[in-house]
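Heads up, there are several structures right after this.
First subunit A sits with subunit B, and in the next complex the same chain sits with subunit C.
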Partner chain A sequence: MRVAQYLITLFVLLSLNFFLPRMMPGDPLSYLLGDPSTDAPILLTEEMRENLLEYYGLNKPLAQQYKDYLLGLAGGDLGWSIYYNAPVSSLLLGRLKWTLFLSGTAAVIYVTLGILLGAISARNRGTKTDVGLLVSVFSLGSWPPFFLGMLLIIFFSLKLGAFPIGGAQSPGAAQAGGFGRVKDVLHHWFLPCLSLVLTHLPGIYLLTRNSMLGVLGEDYVRTARSKGIREHRVLLRHALPNALLPIVTTIAMRFGFMIMGTMFVEVVFAYPGMGTLIYQAGAARDYPLLQGGFLLMMAFVVFFNLAADLLYARLDPRVRRA
Partner chain B sequence: MSRLLGVIRGQKLALVGLAVLAFFGLLAVFAPWLSPHDPKEMDAPMLPPTGSHPLGTNDIGQDILSELFYGARFSLLVGFLSAGISTVIGVVLGVISGYYDRLGFTIMRVVDVFLAVPRFPMMVFLAAFLRPGLWTLVLFFVLFGWTRTTRLVRSQILSERNNGYVEAARMVGASDFRIIGRHLLPSTVPIALVRLIVEFQHVILAESGLSFLGLGDPTVKSWGTMLHYAFGYPTIFISDVWVWWAVPPGMCLTLVVLALTFAGFSLEERANPRLRRAWRRGRITDTPEHG
Partner chain C sequence: MSFIFDTLTWKDEEGVIPWLADNWDVSEDGTEWTFTLHSDVAWHDGEPLTAEDVAFTFDYFKQHQEAFKWFWPMDKVEGAEAMDERTVVLTLTEPIASCHEALIGSLPIIPRHIWESVDDPAKFTAEEAVIGSGLFKLVEYNKEEARYVYEANADYFKGSPAVDTLTFIKVENEALALETGTTDYASFWGKEIEAVRELEEDLDCQHIEGPSFWVLQVVFNTTQPPFDNVNLRRAVAHAIDRAKIVEQVTHGGAIVANLGIVSPFTDWYNPNLPAYEYDPAKARDMLDELGMTDLSLTLITTGGFAREAELVQADLEQVGIQVEVQAGDQSTIDGLLREGNFDLAINGHGGIANPSILRTPTWPASSYNNEEYDSLYQEQSRATDEEERREMVWQLQQIIAEDLPVLTLYHPKMWTVYNPSKLDTWFYTQGGVSLGIPIAMNKLIFLER
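Then we have the complex of A and B:
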């Protein structure tokens, strides 16, 4: 049932991706070429034009085009980038590793920190510790990611000179190899990662806190306490595992948003990930690349949503039986 | 109204949040009278702050302080309209789907499909093709904003409608309309308020994010657009220009988001015992989908 529903969603998205550009005024190719009045009209060579016409099969009937599009997707064909004059799939894959590296490491940090702080806050609800944590986590985490990134660059890179302004590594670093390269990559990674951690922390923190609060009011926690089990054992063995249920599923869902979530941070720090690529595609009006990136993101999100749903059912026997 | 005040009373964080919101609301409403200049009028570009231009001028010579006031107008208007409309739609559909079983089933299937669509990527995609203005933006946000409210309101109605007092009302011959209006609808007020605030926050962040990426209407004055142009200016970080060009819109955005966070959090704490159950499913505020 669940799987079928997600398949329907995915199908709707795929179709939207196909039909939307074709519903635009003018024929799709003229739209692909860019509006001549804008700053970046794209001039096509004969070869690129051939590639485009072939990919979109624009002379064929719509039903045939649609079928070809779906079959192409099944074979991993995401189209041909006008701006880079290269297949979209290989462009996206080339950038994927940086995005995964940046968002993956950041996720490990903010999830751990969020659960830890959330549990502390719940344990001390209403006290100075709780209020202090709440106010500081919210205050640090409410900065829009693009603005936060700008400020970090200004203070840490330009004023203090402690970190590079952007990029993922220094120009010569790829050749350097060994420890020097690791150090260089980490040096570039720190500020973007810090921005991600700060903007994502409040979500996990608040979720853990409130989930813990809910669990701490349950009968089995009271039972455990009245049996004389020590407090930290009640917290760690009885309360936390149950409180983690919604957290695990939320985290699974968030993985789907990783590419998108890092987009602002990547753009501000000129990090060579997928988000930057998609952003540049938008700026250059490279619609095939934009559509390919969009599809990949959607597939990610839908897949992880499904995973979260299934995981939740596995972890919680009450849902499984229902 | 007294119910509304009752929910808010005694919550310091909520009061701080609402005060900040009210402040920006006033700026937005009175922007034309507060602004020293028309935000589209052009003077010399890149002027530093002076008496006539308290925050200087931007790269095409427009007064930055006036831009800031008009930006409050656009950002808050989009947020308020989108969040308001989608909450109303969400509550109405939620009540209907909770009260009428067969209709409810159909509505929930639609909700399921919408919920599986990642909102922000979808917005970026649509915006890249359609270059939205105010009403297109509101339409997008409403289209993807009502579903969570519907789901929460529905479960509230489901748990409420089998209570004794609803049965009793039915027994004495109250109409469906009266039962819903007098008994069921009021019980959804706390959920609706929390959802309104969360939605508001999401919309403001998403709108400014789109504008920052250059996917908004380039002629509209919004905080995101201001940051877009400031960030795109080649020497923005080298001189001190960022202090009066990039920081004010960024700080305004941050303050509004923070104020909404505080207000939403306090409401939720207050509305707790009832909301706590729903919380454990992890879906009430599910965190903003910004970066």
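Then we have the complex of A and C:
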């Protein structure tokens, strides 16, 4: 039943996906000759515009285009990017792997670290440890992500020369292969990952801390303690699993938005991910690429919501029964 | 593209020079061109480049012109024929003005043995698509990271280039990339003058200043009131302090623009245009005379020119014109301009080294209609005599300056900042590279001359 609901949602989204980009003023042709505000030495005449619109199938009636789009999707064809002049699917896959790598690794780190630190803070509520953690997590993580990224670049790359200023790998590294390549990729990964971890840490940390504090006051925890169960076992086995319930939802939502969530960091570090791709596609009114990108984003959001729903039922008996 | 592919002729600091063609003859009426090709030129895959390839190229581009992003006047090409191994005759339906820039010196010659079987050139992305005859071979093109890696073509017919590997990468902050040594070259323009000044302190970098082939302008919607009235446009021209905008917004990174659009850095520039000196009192008098003392308008622009828009707004307010500024992204502005859905717009474009940009003085909308102007434009585009053409291009500029479909604001300057220990032969090409691209990276800088 729930899965059916999700399928209907997906269909509605698919249609919005088609119509919304086309409702924006402007069309894909203005960016075809390059960025019109900086180069584009050539002027499109009306005749050339007509030719180009026909070539890209943009002068067909909207209903026909919509039909083509749905039929293409059903056949697994995401279309052809006008701005990049390449198949949308290969563009998306090429970028997706970097975004998943960057935000996936960052997510593992900030989720683990956030839960760990949150639990420690809750356990030591009001002590120096708790206050120290609160202050340091927030002072590091409350910068806007792009500003934090710039600071990291200026300090680590410009002053220390320890890390590259951007990109995902060095030119030529792709052919080098082997261990050298892994090292190169990690070298480029470190600063953007650090920015992401620092930005996302406070949320998870605070949520865990508060949730744990709530749970630690519950009767069953008091009961467990009074049964003489050792403290760290009370924490890990009795309190934490229940405290994690709201955190699971938050994490699922963050994962769902992971594709666009890294955009600012990608821009600052010129990291070749999905965020910058979709942003550029929007500026260029590249309809096929926008459609494909949004589709992928939606699929992520829907998938992780569904996963959270199912996981929630497994974790919390009350939901399962309802 | 000019690194991988060659053209029949090319340009240096001074002007047109022979390239794939050793020499050429033009018929009296300018419609028949005979080229004699350099011998022993080879494609990257070792095949010889012959007259057949050149003839094929003209025919192929004519057949597929809608698929190419760059624009050559292929509708004026009748056809091309290979007379022998080294001789090609190109026939035009009518003469093309500045034919070297427009066609001969910018159309890349492509290998027949690869392209003759390709039906949709825009979607041909196989490895062979980048086989050319140029001084570099493209060895890596990474779409995800916007990275191009070129390797020297050691067998190049003009000699092996001075740089073995040339890599283009995308960075967020070009000044930072130069400072950290990540890159050895970057170009800056207009407001970025601050970055150039800062890099000047950095002893490792040098820079050269280039011409400006770009213009920022106030576009009037001449199709509807109130700006269908030329006297109102002239009043606005007197009300806006263009010099102040150059000084306060670009901090000296630009020059006050030619009111006739064409770049002052070219031979086409007409220096004798009416001036519309800044004079708010005069502007107010003109508005009184028009009976337009209570105007309220919208001005559209992109976020990048918000400062300029504010200054224009303030200047117009001084003479009693209320202006509401609306900012959108570039595609939005283009859309509104095309629909004619605006009063005033601040928008810019390049390509002003070449008079063919004057096709319609508004950009990108073709809202301005003036038959005299249009026929003059058509006439100059057929002119083969440079002097005659210049005369007509000057007249076009005169009309723009008098009729003011647009009020030009400024031409941003350009700088190329580079690391001289890697390469120090940079120069700006007269009239721009290829179709007029104002970069200091002419392929000649890599060759011994």
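Some points to look at:
Throughout what follows, the second predicted complex is superposed on the first by the 264 of 322 C-alpha atoms of A that agree within 3 Å, B and C clash if a C-alpha of one lies under 4 Å from a C-alpha of the other, contacts with A are read in each partner's own complex, and residues count from 1 in each chain.
Here, contacts are C-beta pairs under 8 Å (C-beta built on N, C-alpha and C of every residue); 3 or more make two chains touch, one makes a residue touch a chain.
Just so you know, these numbers come straight off a predicted model, no measurement behind them.
Once the two complexes are laid over each other on the shared chain, residue contacts for A:T262 go to subunit B alone; subunit C is not touched.
Of the two partner chains placed by the overlay, neither subunit B nor subunit C lies in contact with A:G104.
By the touch criterion stated above, A:A283 is placed in contact with subunit B and with subunit C alike.
In the superposed model, A:N85 makes contact with subunit C only, not with subunit B. In the superposed model, A:R95 lies in contact with subunit C only, and not with subunit B. In the overlay built on the shared chain, the residue A:I153 is in contact with subunit B and with subunit C.
Contacts of A:G167 after superposition on the shared chain: subunit C is touched, whereas subunit B is not. In the superposed model, A:P272 makes contact with subunit C only, not with subunit B. Overlap of the subunit B and subunit C contact sets on subunit A: residues 24, 153, 158, 267-268, 283. Across the interface of their complex, subunit B is touched by residues 5-6, 8-9, 12-13, 17, 20-21, 24, 134-135, 138-139, 142-147, 150-151, 153-154, 158, 195-196, 199, 202-204, 206-207, 210-211, 213-215, 217, 245-247, 249-250, 253, 256-257, 260-265, 267-268, 278-279, 282-283, 287, 290-291, 294, 297-298, 301-302, 305 of subunit A. Of all the residues in subunit A, the ones that touch subunit C in their complex are 24-27, 30-33, 35-46, 48, 51-52, 54-55, 80, 84-86, 91, 94-95, 98, 153, 157-158, 161, 164-169, 171-172, 174-175, 267-270, 272, 283-285. The part of subunit C that touches subunit A in the complex is made up of residues 65-67, 69-71, 122-123, 125, 140, 142-147, 149, 165, 167, 169-173, 176-177, 179-180, 182, 189, 213-214, 302, 304, 328-336, 339, 347-351, 353-354, 356-357, 359-360, 363-364, 366, 432, 435-437. By the touch criterion given at the top, residues 13, 109, 112-113, 116-118, 120-122, 124-126, 128-129, 205, 208-209, 212-215, 227, 231, 237-238, 242, 246-247, 250, 253-254, 257-258, 261-262, 265, 268, 276-277, 279-282, 285-291 of subunit B touch subunit A in their complex.
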